[in-house]
Every structure is written in structure tokens, then in C-alpha cells.
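So, here's a batch of structures to check.
Both complexes below contain subunit A, partnered by subunit B and then by subunit C.
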Partner chain A sequence: MEKDIILSVKDLHVKFTLRGQELHAIRGVSLDLYRGECLALVGESGSGKSVFCKNFMGLLDANGFISGGEILYNGMDLTKLKKPLEWRALRGGEIAMIMQDPMASLNPLKTVGEQIAEAVRLHQKDVAGRSAVREKVLGYLRDVGIGEPERRYKQYPHEFSGGMRQRVVIATALACSPKILICDEPTTALDVTIQAQIIRLLLDLKEKYGLTVIFITHDLGVVANVAERVAVMYAGQIVELGMAEEIFYDPRHPYTWALLSSLPQLGERGEELATIRGTPPNLFKEIRGDAFAPRNPQALKIDFVMEPPFFRVSDTHYAKTWLLDPRAPEVAPPAVLAALRSRREVNGP
Partner chain B sequence: MAKYLTKRLLRSVVTLFIVTCVVFTLMRAMPIEGYFQNYEKLTDAQIQAGLREQGLLDPLPVQLWHFFQGLFRWDFGVSHTYRTNVPVTEILRDKLPVSIRLGCLSILTSMVFGIPIGTMMARHKGRFFDKLGTVFIVFIQAVPAAVYFLLIQLYGTTALGVGLLFDAANPRCWILPVLSMALGNTAYYAMWLRRYMVDESNKDYVTLARAKGVSENAIMFRHIFRNSFVPLVQYIPSSFLNTIIGSIYVESLYSIPGMGGLLVTVIEKSDNNMVQAIVLLYATVGVIGLMLGDILMTVLDPRITLAGKAGDR
Partner chain C sequence: MTNSDASREVLLDVRDLHVTFGRGRKAFEAVRGVSFQVYRGETFGLVGESGSGKTTIGRAIMRIYPPSAGEILYKGERISGHISRELDKKVIREIQMIFQDPMASLNERAKVDYIVSEGLLNQRRVSERERRALVEKALQEVGLLPEFASRFPHEFSGGQRQRIGVARALIMEPECIIADEPISALDVSIRAQVLNLLSELQKEKNITYIFIAHDLSVMRYFTDRIAVVHLGKIVELADTMEIIGHALHPYTRALLSAIPMPDPDRERHKKLTVYDPSVHDYQADPPFWQEVRPGHYLLANAAEAERWQKEAEID
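Presenting the complex of A and B:
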């Protein structure tokens, strides 16, 4: 795969001021996004997945701010953008977003067609005239698999089911003709059968429109289906980054181990599911050492004192854990993870 | 739509019918002094004769029947103590148009000012304009209306060069009363519109619109404004009634021959026929106001279907 970097984040720090206190939500994240790939950002709630991506669109909440680092896109440093006008040139047309709750992300008082047409008019200036815009919108509705687009065009969001609304939201994003599509847990609010359809659809559209996709989720099952590359986030940092294969079958960070072990698919019927003890750290306080150490039963002494750097496992695989240091003792991943590997040998990669 | 309207209209008629019956029945429990001009001087026999003559000794259903018959002839009886033997309709015919004009103008004025103020406050939330607007709203709501009514009269009449007394033919005479009456609703509209708009602006679809690259102004006017206006719009027609009834003080300040204080006056004089007619009139205006509010809302919000069942439009 040719590696053409489309978006590059360097040592990004994001803070929020809440009731006079500062919350350090993103603690130094670096990440290169390659053109045409599908990258999954995985982590539990509050790990900073969504906040991280909101920076690419200038959509941080008013009390949040970037306290360091840079985000390079098209030779621009997005952290330097201040004016709404500069952001608007980027929003939609370069980077578009799909949000979690399709029930809430459409304007209830405007027809579905109008809402998609709004995006077309904003970002596809070459499509002129009412009927041309309409044709374009109908095309997008067809692309996202909505039957009878002519009739659906005139309908309001409340006349659509959840899955159908998410399709409309996707159509709206496509109508912006973006280069990067951020999907912020697009299937979380949908039931399982619809989830699979939406994921399939997103993958098809990614090919058709040549999109680069960032897929935010806490559902590892979804990740396995969509992602080429996976970044595992914990407490505002990426702790492990690698190809999907590497993350699933050769994970190196104790947090990734714990996350994978708690997959219900790996549990034995009748046995208690593996869980991660404790709660994520309080980001209001300064974190010393490895943020996951207090919840990690096999934590090393150094984990409580010094923050580990990224260790290289392969060209594509990096993990932020002291276990990869040559001086570290041998700590074996949990036995259940072997089940994942054996399953792969049965099913093929 | 037509089906819904007919249904709604019929239901309103039923409501009014019930209101009429209740009011009429209750009025029979009122003291009977109000049916005579010189009650104290009459003998019992004269009173009984008078009551029989006015049909008030008939059984209640018969009286009600006669009342409805009168209603269809546009006859509400005559006033006894307020203005002797003048038909109620005639008294109201002089006063009602003044009140309606005053009410309509003041509602219009409060919309013309209240809606932009609310919108601007939401747009500049937390900044200078928002704070200024809040000061205005709090002032209007906290200070007794009488205080600023007097201030407006005191300085307004001098500034405009009009007399203290109202002259319906002089348009400039309308300005101050209309303005006074509009202030309360202006603050009300501004306050609620701001609140609804701020609520709306925190919703996901606004974030999505922003993510689409829609400009803040377009978001404000194309998306948020209309959505926030829906809950407010329902209130506007019914606020008309409050405005007319609430105009009592303004009307007495400028000696406007309107409806404002009429109900209180005729109740004090126990002029039963007048009370009956006015209560019915207010009930009608109220019911129509509520109906208009609901209709306006269904027009603005597609989620509220007219037919009652979603999907069969």
C-alpha cells in the first residue's frame, strides 16, 4: 500500500476548563492518517476518541482548547485556525462527520431532501439549478440504499426509522464531497442487524467515493469488520497502534489484552465474562507513569513512576508499554487471547 | 387538513356550548338586584312581576332555550344597571373594535420587537447584547407594570405632543397605549425565544449542520429559529385575550373606551346580562385563540400531524 499521509497529528494536547479546574482530555497524541485507509479508534467511554476527532473540524465544545501540538492537513496547521470562515472552508468539504444518534442529528422540521440539498449547494458549486441539485440528492439517496428516493425526498426525518435516518445522515456527509469521513460511533444507537447493513454501506461508499475513514467505536466486533488499522486509546492517549491483524492477533499492551479478553465472543458459556477492574483515571489530576497501571494486575514497578514511550513491534505496529523494553520481565498475554488466534487459523485471516 | 379543521371547529363549538350552559346556570345563582334599576324601592310583588316579565321564573332549561334563541337573533338582552335598557350588543359594538385594534396592534408590536431581541440574545449568548436584553426582561417582569405605564405616559405624552386623553381618530394617540401594552409580551417573547433557541443550538442536528460547513448565521436563521419558534407560536393567539383583559390599567390611564375594565365594572354593578355576554365573548376569543395556536403549530411542525395518525397524509 502506498502510504500517502492525508492528515498528520503531532503531540496533540487538549484541555477543558470545568468549574475552574482543568481536565486534560487528550494527552499528547500523534497519529498519521493515510489516504484511503479505514482507521478505527477504539477505547472505552471517556478515553478521548470523539474529542480527538472533533479537533479536526474545530468542533470542540466552547470550554475546550488545544494546549499544544499540531494537526497538519493540506499543509495547514488546523490548530492555528481561529476564524469561523477558515473552518467552514474545511468542514464538510474536506472533512465530514457522522454522529452517533441518527434520531437527533437531523433537523426535525426540514425535509430529508432539503437537508441533503443544503450540503450539495454549499459544497458542490458546479451543481447549479434547482433540478440539478435535486437530481444530485436523489442520486445520494440511491447510493445509501434508500428506496423510492423521489417519495422519500419530500419526507421528514420522523417518517424514517433509525437505520434509514443514519443512511440519510451518511448521504448528507457524502453530499459535502469530503476527503475524510469521521464516523463517530455510527452504529451504536442502532440494533445489531441494522448495524451490519450500515457498516457494509460505509465500506462500499468508502470505495466508491475514495474516502479516508476514521471509525470511532468501542465495539471491537465492529472494528474487526471495518478497520485496516486500529488505534487503541486510553485516558487521552493512544496506547497501541497497528494493523487490525496485529491488534487482534498479536496485541502487546496490557490494556489491549484486557479489552480483547472482555469480548463476549471469547467467553465460555456459563462462565463469568472477563472484565477490567477499576475505573479510568481522573483526568483532572496529573497522571504519573502508565495511566493503565492501577488497573493492571501485572503492572511493573516502573509503570507507576515513568510514562512508557512507544516501542516499535513492526513497521506498522507500535505499543506504549514498558513490557516491550528489553529489560522487562516476560509477561504472557492472557490465555483467552490464544482462542482468538486459533479461531483465525480455523477461519483464515 | 380540511377534515382536521372541521373536527377541531366542531369540538370548539361543543366547548363553547358547554361554557355557555355553565355560565348561564351560574349566573342564575347571582343576586337578582342586577335585573332592576331601583331594586331597593320595589315591593316583593313588583320584583316577582319583574322577574316573570323577564322570563327569569321559568325553569332553567326553558330559560336556557330562550337564551339560545336570543343568541341566534344576536340578542343578549339589555343592560340594566350599567346603561339602563341599552341592548348589550350595542354597548359592546362601540367598545369591542377599540379593544381589538388595541390588542392586535400591541401583539404585533411585541412580535416586531420581541422576536429580534430574543434572536439577537441567543446569537450573542453570554455577551453584551444578551446581558442588556436580560436587564430589559427582568426590568419588565419585576417592576410593576403600573410604574412604567406611568413613566411612559408622563414622558411619552410630552415627547409626542399629545394630550393625556385618548383620541381614536389621532393615530399618534395610539402609540403610547399600544407600546405600554406591548412591553409585557415583548419581554415574554424575547425571553422564551432566547431560551428555546439556546436549547435548540445544543442539539445534535445543529452540530451536524455546523459539521456540514453551514455558516453560523444560516444555522441560526435556517435551522434554529424556526424550530424554536414552534413552541412559542402556540401561545401567540391566546395571548391576544390576555392582552385585551389585561389592558384595564392602560385603558383607564388614557381613558380609552375599550373592554379592559368592563367585566369588573359590570360584575360590581351586578349587571347580569352584561356579565354573561362578556364572559361568553372572552370564552369564544379564548377557544379561537387556542385553536389558532394549535393550527399554527401543525403548519410549522411536520411532526404534529393534522389527521391524528402519523403517516397517512
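Presenting the complex of A and C:
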């Protein structure tokens, strides 16, 4: 089956000017997003995962700019858009975004119903008349699992709990009838049980509305739950890209190994957890070689000299590490990850 | 681990603790009758969702909030309510706290040197030389360089700041540390570092931890026993492995089912359990605190306890 590319990013570079210095936040990222998929972007804070997605909506901070590459959507190059008016046609209606803190996304002075209705009126011109808009809003409230929608319509955001507020934000995003939904850590501020419910909800809505979802998170456990495809980001680059099964059961990049094996979910009581020593690189400076090399105890000599290209593991799986070069020595992934893989072999997929 | 309670020394004994905020018609009871014992050298976990009262329990032990009923015993002595000055001083020294957000819990205007030794200055007279030596030792113990003492908090990353928070507790030579969500504000790769540091310190110094978190996956790795808190009450208490393997209370089971595992096959076929408090019929048949298996306590009425145990056997 030929996959239908909805958004295509080609060698994107983003820089920020900060106190007279230049910070190279996105260092050449290429990515094709397929229609109807759920792609997860994983990485530590500062890896550039949020900055990367903000480019799709023209939401970079004032001191940030795109210094190279292109973003193709519907035959349009989004990097060429400058005026707010040009963006307006895209924001919400084509690409919508859900942020981490629902209280910061909602207007505290307007009732929840009015806020969703506003989105309906702006983005769905065919819905005419007060009662039609109201019916539509009530439908969205029901879709996101808010009980008693008639009563809730008239309430203000402060009368909702954190999880319910995030549901309202999701309803608002849906009311724009977007093609692509970007979820930027939508569950980080929520309790684990609520997190599980919101994720389930997002997956159901994705099917119902035929959305393409980009899910930004630092939590690999959540990724296993939502994503069909995973992109691991480090220091402004994608270092590994593959189907969820490939990333979890057959990871190839040392950074993905390190991220996975440091999860307490895989740790045993009394044994030390694997850690990633050191800190992410300073992006004010030009990075030479593999950005992860200084933190990688098994780094090869070439890692400090030359940046690795993307090596192909399978048609869907690519990793940016010299370990995949035929001349590289054999380096085995950490033992905890082998356990994850063997459990799959025993139980079957 | 054995369950022979007699052989283990009870460090902290919380008896029927109630904490109420406000008074009169506005009164809100955040903790509604909680009892548990913490043994010396163990890691005791308090887990629950936001608003469950787990932090309030921790703070009541720290004597930040006065209990409205019940009492707290430390090494057999009552430390809640009015206590002597000497005991007060001793408790402040021996029970220390680590906070959630290292960005918010360090004084931005003070140097690390002062932040770490502040507690010491309130306790006893120390010479400048001794103070410096103690700060240096504490910083080294948490894996920071001694020269960091002359820097300000903003010069550090989140993980380093949390280490400063740990050093500040360590310098008091505490016997018990209450850690309130110490890793939830940290980046994934840093979490493992802080957890490793805490367990190393425990091994070296035999420190008792009360570990407060909302995330059972961290609890499973880090604690010896877990108390599950829901709406101001402990609904289940047992050894960690017992809770993970044989949870009985539906709330505990809901929490367990919500743990995100890094295993796509399992996650996709997972059945999500949602806890509905209306399943309980407590009007007619009120629940009571009972030991269902050795060391495994449950808040339930007799009918529920029997039913849940049968259900657990089937699973």
C-alpha cells in the first residue's frame, strides 16, 4: 500500500538569537508524516521536539527563525509564510495543537461552551444558527466524554478538574475540524489514571474524525501506548525513526537504548537503574560528530569526528549511528532491553 | 523480606491521624483516620492521585500541619501537638524533607553554601571551619563538586538542583527523610540518577524513607511497602510485591492498570480499569481495616473482602 504523505519536512534548520549568540535548535530534520497515522516524538527537554512542531503552525518565539529547509503541506511551503493572515487559514482548521497545561489554553472568563462554540463558528461556516452551533458543541462535549453536557456547557474552566479541562481543550481542537492534531505533552500535568483515560480518548477520536496525530512526550511508556511510529530526538535531530515495535523491541541507537533502560518500569528493586551520564550538549556551540558521543560510554572514535548518516535497518526503521556501518564493531544493547524483546518472542506479537 | 514485625524496630507510628483545614461549615477533612507504622531502614511508599491527601500526611509528620485528631509517635515518643523544646529540636534534625520541584524549593538569592547549611545554623553552634567542612562533605555525598558551594541555584540544571535539595537534608544527619514526589519534576534521564542516589544513601546510612508519589511504576522499583491513599484514607497497605501481584482494592487495581509500560504489544491489548467509588455499599455495611493476608491490610467490609479475594484468585 502506497502511503499518503500529508506533511513533509525537508532538512529543516531552526535557530534562535539569544543575547547576541545563535542557538541552533533544530539541526537538519527531515520527516514525512503519513495521513491517518499517530507519530510520537520522544526526547529529553531541550531536544527540540516542541520547537520542531511549532514550525508547522508558525508559532516560533519572536527570536527564532527558520534558517534552512522546507515544510510542505498541501503543495505549500510553510517556511515561506510570513504574515499572520496567511497563517490564519492554516491554524486550527488544518493543523491544531493541544498544549501541556489545559488551564493556560482556556479563557477563564468565558464559559466552556462559548469557547468551543467560537471555534465552531470560525471554522465550520456551514453550521449556521445559534441552536445548530449549540447542538454541535454539545456533540463535541459528549465525544470527549464529558457527562451532563447541557450543564457543563454553562460552566467556567475553574469548575473543571485537570483531566476534564484537558477534555475541553481537545473538544475545542476538534471543533476546528483539523486534519493534523499536534499533542504537546497533553498528559504530563495529569494523574496516571487520568492520563490513561485521555490517551484512550485521543486514540478513539483519531479513528472517529480521521485525524493524523503527532504526539510529543518524554515518557516512553506513554509512547508504547499511543504511537504507531516513533521518532527519537536528541540535540535538535532525529536520531532514530521506526515503527513502535522496532523502536521498543529492536532499538539501534545508543541514545534510544539509554532512554529505554533508564525507565523505572524495567528496573528491579535493589538493583541500580541505568543512567545517562552528563548533560545534553550546548547548542550554542557547533557540534562535531555524533551529538550523543560524549555521553555514550561505548562511543567509537569516529563518533567524535564525523556525524553519522541515517542507516537503513528496514523499510520503516532508520537510525543515525555509526554502529550500523558494516565496518563498526559489534556492540550489544543493554541486557534489560533483551528481556523486553524475549518476552515478546515468548508471548508472540 | 519477612513479615515478623516484632523483629523490626518501629521508627514512626501514625495512629488514627486526622487533618482538617478550615473550621465550622467550611471545614474540610483532608486526612480521615490514617494509621500505619514505618520500620527503621525501610522505604515506605504513599501513593495516590492528586487530592488524595498523601502530601498532607507527609506534612503532618513533618509537623507543618497540626493533626485535628490522632497522634504521631517517633521512636515511641509523641511528636504531634505540644512537645518539649528539646524533642522539637531533635525531631527537626532527624526527620528531613525533599521537595518535588527543585526549581521552586531553593532560595534563589542564597548561595548553595548557605542553602545547604541553613538547617545546621538553627540547630547548634558550628564554627565557620566546621560548617564549611560539613557543606563540602554533604555536596560530595550527593555527587556535586565542593566548589559549587559558592554558586547560586540558577547556575544548576534540574537534576543538580535536586541533589542540592538532598544535600540540604543530609547535612542534618537525618534518620528519616520524607521525599514528596522527588522525581516527578525531573527529566526522564535525570530521574534514574536521583533514584540511584537515594538508594545508595539509604544503603550507606540506613536512612528510612517515606516516599510520596502518584506513579506506581516508580514505587514498584523503589519501595519496600506501599500504602494506597484515596480521599484521605488508606485503602490498602502491603509489601510492594504483594501490592503489584495481588492487589485487592479496586482503586489499587485501577492505579496498577494505568502504569504505562514500554511494551507496545502489551499496551495495545491492555484493559483499562476505571475505579468507580459507587461500587461500595458502605451505607448498610461500613468498611473496616482488616488484615487479609499476613502483612496485607485492606479497607473493606466483610462481603467485599471475600469477593475481591475470589476475583484476585481468578486473575
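We take it that the second predicted complex is superposed on the first by the 343 of 349 C-alpha atoms of A that agree within 3 Å, B and C clash if a C-alpha of one lies under 4 Å from a C-alpha of the other, contacts with A are read in each partner's own complex, and residues count from 1 in each chain.
Keep this in mind: a residue touches a chain if its C-beta (ideal position, glycine included) is under 8 Å from a C-beta of that chain, and two chains touch if they have at least 3 such contacts.
Remember, it's a predicted structure, so these values are computed and weren't measured experimentally.
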Just to be sure I read the superposition right, which of the two partners does A:21 touch: subunit B = first, subunit C = second, or both, or neither? neither
A:131 in the overlay: touching subunit B, subunit C, both, or neither? Say first, second, both or neither. neither
Please determine whether it is subunit B or subunit C that touches the greater number of subunit A residues. C
Touch test for A:97: subunit B only (first), subunit C only (second), both, or neither? first
Quick check for you: in the superposed arrangement, does A:282 touch first (subunit B), second (subunit C), both or neither? neither
Have a look at where A:222 lands relative to subunit B and subunit C in the superposition and call it first, second, both or neither. second
In the complex formed with subunit B, which residues of subunit A make contact? 57, 59, 84, 88-93, 96-97, 99, 101, 104-111, 118-119, 122-123, 156, 158-159, 169, 172-173, 176
Partner subunit A, residues of subunit B touching it in the complex: 203-205, 207-216, 222-223, 226-227, 230, 300-303, 310-311
Subunit A-facing residues of subunit C, complex: 49-50, 157, 187-189, 191-193, 195-196, 199, 214-218, 220-222, 224, 240, 254-255, 257-268, 270, 272, 274-275
Any idea which subunit A residues touch subunit C in the complex? 44-45, 162, 191-197, 200, 218-225, 227, 244-245, 248, 258-260, 262-269, 272-276, 279, 340, 343-344, 347, 349
